[in-house]
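Please find one structure pasted underneath; my questions will follow.
Going in written order, the chains are labelled A, B, C and D, and every chain counts its residues from 1.
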Amino acid sequence: MTKRIRDYGIVIGEIKTGYLNKITDVDGVVVGHVTLKDENVNTGVTAIVPASGNLFENKLIASAHVFNGFGKSTGLVQIEELGTLETPILLTNTLSIGDAIRGLYEYKISRNLHIGDTTGTVNPVVCECNDAYLNDIRGFRVRKEHIKEAIESGEKDFTEGAVGAGTGMSAFTLKGGIGSSSRVIEVEAKDYTIGVLVMTNMGRKKNLIIDGNPVGKKIVEVDNTDANLLDKGSIIIILATDVPLNQNQLKRVTKRTIVGLSRTGSNMSHGSGEVVVGFTTANRYPHSQPRTEKTLIETHSIHDDHIDLLFDAVADATEESVLNSMITAESLVGRAGHERKSLKEYEELFCVT
Amino acid sequence: MTKRIRDYGIVIGEIKTGYLNKITDVDGVVVGHVTLKDENVNTGVTAIVPASGNLFENKLIASAHVFNGFGKSTGLVQIEELGTLETPILLTNTLSIGDAIRGLYEYKISRNLHIGDTTGTVNPVVCECNDAYLNDIRGFRVRKEHIKEAIESGEKDFTEGAVGAGTGMSAFTLKGGIGSSSRVIEVEAKDYTIGVLVMTNMGRKKNLIIDGNPVGKKIVEVDNTDANLLDKGSIIIILATDVPLNQNQLKRVTKRTIVGLSRTGSNMSHGSGEVVVGFTTANRYPHSQPRTEKTLIETHSIHDDHIDLLFDAVADATEESVLNSMITAESLVGRAGHERKSLKEYEELFCVT
Amino acid sequence: MTKRIRDYGIVIGEIKTGYLNKITDVDGVVVGHVTLKDENVNTGVTAIVPASGNLFENKLIASAHVFNGFGKSTGLVQIEELGTLETPILLTNTLSIGDAIRGLYEYKISRNLHIGDTTGTVNPVVCECNDAYLNDIRGFRVRKEHIKEAIESGEKDFTEGAVGAGTGMSAFTLKGGIGSSSRVIEVEAKDYTIGVLVMTNMGRKKNLIIDGNPVGKKIVEVDNTDANLLDKGSIIIILATDVPLNQNQLKRVTKRTIVGLSRTGSNMSHGSGEVVVGFTTANRYPHSQPRTEKTLIETHSIHDDHIDLLFDAVADATEESVLNSMITAESLVGRAGHERKSLKEYEELFCVT
Amino acid sequence: MTKRIRDYGIVIGEIKTGYLNKITDVDGVVVGHVTLKDENVNTGVTAIVPASGNLFENKLIASAHVFNGFGKSTGLVQIEELGTLETPILLTNTLSIGDAIRGLYEYKISRNLHIGDTTGTVNPVVCECNDAYLNDIRGFRVRKEHIKEAIESGEKDFTEGAVGAGTGMSAFTLKGGIGSSSRVIEVEAKDYTIGVLVMTNMGRKKNLIIDGNPVGKKIVEVDNTDANLLDKGSIIIILATDVPLNQNQLKRVTKRTIVGLSRTGSNMSHGSGEVVVGFTTANRYPHSQPRTEKTLIETHSIHDDHIDLLFDAVADATEESVLNSMITAESLVGRAGHERKSLKEYEELFCVT
């Protein structure tokens, strides 16, 4: 079984995790991958399905935070305007966002025959990182058919590491990919879950910090290969929760992912776009005006006095997700013989068990 | 020859226009169209090429303003972050943004072999409106090959109206499309040009105002067909200038397009995304660090005391562009027998010559 | 009785007004003025009290929109972050914001003894325009005591024109000041009210438009005094409603004030800061966590399908408020003999009755 | 002599510091304090003077970043709009911003007689934290006269800790205050300086991290007094540099302060407003249009390829500034007998020399 960062004795923070310690601990969330691997090909698609049922008809409250906008993620403008999410969130490589959008459109219109006919269109949310170091990104290997496949392969106990869209990603000049973590908090005597999923493709080797330990510096002492490469990556962070929040609150929670990311040693470099998309499953907005006696839409939110619980949980879960994305990824030789070693190869520098 | 709004005696503002009274009056700017028409098909691509030469190697200062983000335009996040533009700007229908991005990527990487290899990727700017009322948008008729074709067909004296991406668009429940206008202003004894191009797909019939004249109300009195349709469109506004501006100044200029748009009677409806992208050709940022004696990048800007000249010019040019987009478009019967009449059919309600 | 713009036959839009056709038609809202007039002194304070009861303990949902941030208004940052309002909104001259903040702090802490003791502080919202043309702004005539006086003098049928903070303001190089208007809309068989109050201090004479009529051009033909003065003003727009809205919706509604303002001929000049603050009285957030069985906060909002009704109403009410601020203001000779004529003096150029 | 964090063997990052390791290492920058101390009074003013000469006539490029807008800082809106700074930056307690604004206005208009007469007004930048725990904030002890005094007492080797506006501040439930640090980087064979000054008033005791060491947890083990107090503070971060930057670049640099702050253990709590103001002294904008042969304003900026050097330096300098603000502050018993211990009292938990 794949060892995660906790299996090395690294525990981020004091808040308890969810059952799987993954974003899918939030009820309704599943994650699916399509992985494309070949000689020079290391890429794919990862789909975060935020809830079961028809998202277009029954939208979620969502928020996006762009800490560094050097990236090509799409769909964020409408999330900012309306504060809602109506599709699965897709991750892929930078040059494949066009194909991913096309595939997501086909998926949605095949399930919602009135889209583009009697009602408006749908807002595709597709986020990306540049995997060109290990992947022949110029080859456009992701095809629109892969989108449906990724969405429909969604599961609770999904794989982390060099898989799906994370297949060819690099983090801290080591192997990056997909990682996740979750936290459970109690608000007013009720348990809620907060989950994070990251696609890591940022950072410079010397800067890696593991729970306060400057592991990157120690790695560079034993292997300074590529230590001077510029950071030309990005990180995509997806946040899910079932805590009842309004849009302002969700935006604020979403921003605290940056706190956890900072603690892993990323300085949010020029070439590294930091993009966060968050949603709560606790309040839903119907696409069409409901025709019931109570025609106003009713939403619920916690009092701001409790929101620090979420801030803490999100910071910790993000930090742990980044570490999980690295420790679960195997070393890989990819395009043009470029190599990224797994963090696992340096376990003696940080393992505390 | 196609009559434009000035040919009906309508003159917006007092500032003189450029030679063509089009966005292409700005030196270096050309506009190309691919028009797709068939029984239920009325769509296409319009490309605004902001300057000659390799834009990726020699970027322009750019800014985006989203007044209403109910839209799927892509590339705005990076423009906001870096303040630069490195591709032509594409317009198309909403469901075709994926194919347009793919086509634009192929176009750029074929001309820049280091993209996705030894350097990073490129930020595709693709804006859209929903032409589903007149076009079989669910048919995905725009193909990636059309992108190169639109870009390479760029010319100075381009066609307006129901052409290119504007083929199937509607404005004020009449026929909309592509329209343009320009103004020439003098700053410190030197002439500069400001050009606007719009793709109009917003507004309700009764609200149309032509130079202060509530023409929409008058039209509804004689023909109230579809007068109660919800506004499910958008407007894309592209602003070009050769005035030397810094990024803050350009952002401010870009926002004044909204002033002109307001005067045409649009209330920026819920369903109508208002997206503006502006650029100046006067300052350039090299992709790679220049290795000359003077290694700092030098840029120039006018003093803020002169910026009102641009604000006035942009408001007027936008107002006139919207009117040109309508008056140059012929009546059209499209998908499912849906019809949009040309504004021309009501010329007796506004013609002052 | 003071004539308002409708008394000259000018009717903006087709939506019916509230009883007073003022912002105070929104239940709970009152407006108070302190007017300071002396030889070179023409200034004051205007207070918009958004609801009765203790606002600090029972906050309103609020939103701010800054179209042009060339201004010194305070309190907007926290409104943007938390989406709430906890004080009356004050208007005054630019150099008096310090004294107004101090006065508002004293007013709030005298009524909330735990502020700055066992709980946090309070966010003072103070907006300003520069009345230096007619007022000895360097004399700091507004004192902190005036704040309480303005708040406590709040009434429903408040005075418009050259009164309170509007005493020394100029609009379109004529006399400006305080103006207001309201609209009543029906959503799901229930009537709601939307009110706007403006403090006008922007625009150039030649640009004034009254319901599509280019009155400014006509005025300049008969009197071009000061026609070339730069616009060094601002406009503050306050929006109140009882429509149940969430924060994203309120922000969007708030932005549509810009549409109405554009139609009066303002080009949002460099020197003219456009600042909008909006609130809804329909949803309240308690300062302290409520300890009831139902501990989540419940809010209500209309479906987005109805929001165009608000957009239209806000655009119209803003346009009418600007005109009311001018038509109700008398001509004035102020500091250094500077003069601003009343719009009334040109009534033959626009009166349609 | 006061020991700073480096005197305990703590070295943040690998980049060399400036001569004083303070923000004043940036040429032209001085910092002045007015400290007010009495039985229940622990407050004051700190002024960061960004350059010598008349700032109003010769403005600096500036940028603000609000990570958490739960705060009352003023002047940020205009910085965001115009990208310029024209006054010293003042720090004080929350309830004293009104008096500080008034004092700053008086200071500026006494030196610029045309302000509010023949030219416009001036944008006062005043940032605040809530020192009510140790200070009788309801007493409004800061008077407008203190502003001039703080500005004119500016010096290079200014005091850190519980001084000026930092007198009554708390950080991580220990004593906070004013702290600073600087870094020197080489771009294109030339040395530049980046300086940071913080006013710390945020964080919970258990969360404090010193260079990766979870010192807060260790402190709580020996003294958990007030460990459960909510975070009701804020942090103000001022960034100065002489690196030639454009406004977009400066904004991006400013945001990286958040990275360093995160590494000290702050989770940017609900009650803690995080506000950053940055400026560069390398490009100046004249208030009035220059009348020389070369009438365009010329600015310079580094190529983006070098900007990571600044990102790294800013993150490190911010982290060190926070630690300096704490380690230089003495323990203090203030209002109502409330106590904050100095971090110094726990030196055995982190000292590495």
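In the analysis below, a residue touches a chain if its C-beta (ideal position, glycine included) is under 8 Å from a C-beta of that chain, and two chains touch if they have at least 3 such contacts.
This is a predicted model, so every value here is computed, not measured.
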item	value
Fewest hops from subunit B to subunit D - one hop per pair of touching chains	1
From the options C-D, A-D or B-D, the pair that copies B-C, where over half of the contact pairs coincide	A-D
Where subunit A and subunit D are represented by their mean Cα positions, the distance between them in whole Å	33
Separation of mean Cα positions, subunit C and subunit A [Å, integer]	43
Shared-contact residues (touching 2 or more other chains) in subunit D	68, 81-82, 252, 304-305
Complex contacts: residues of subunit C adjacent to subunit A	81-83, 188, 244, 246-248, 252, 285-286, 288-290, 295-306
Touch list for subunit A against partner subunit D, complex	67-68, 209, 212-214, 230-231, 252, 255-256, 258-260, 262-263, 266-271, 304-305, 307-308, 311-312, 315
Of all residues in subunit C, those that touch subunit D in their complex	66, 68-78, 80-82, 94-95, 97-106, 109, 115-117, 120-121, 123-124, 130, 132, 137-138, 140, 144, 232, 271, 273, 275
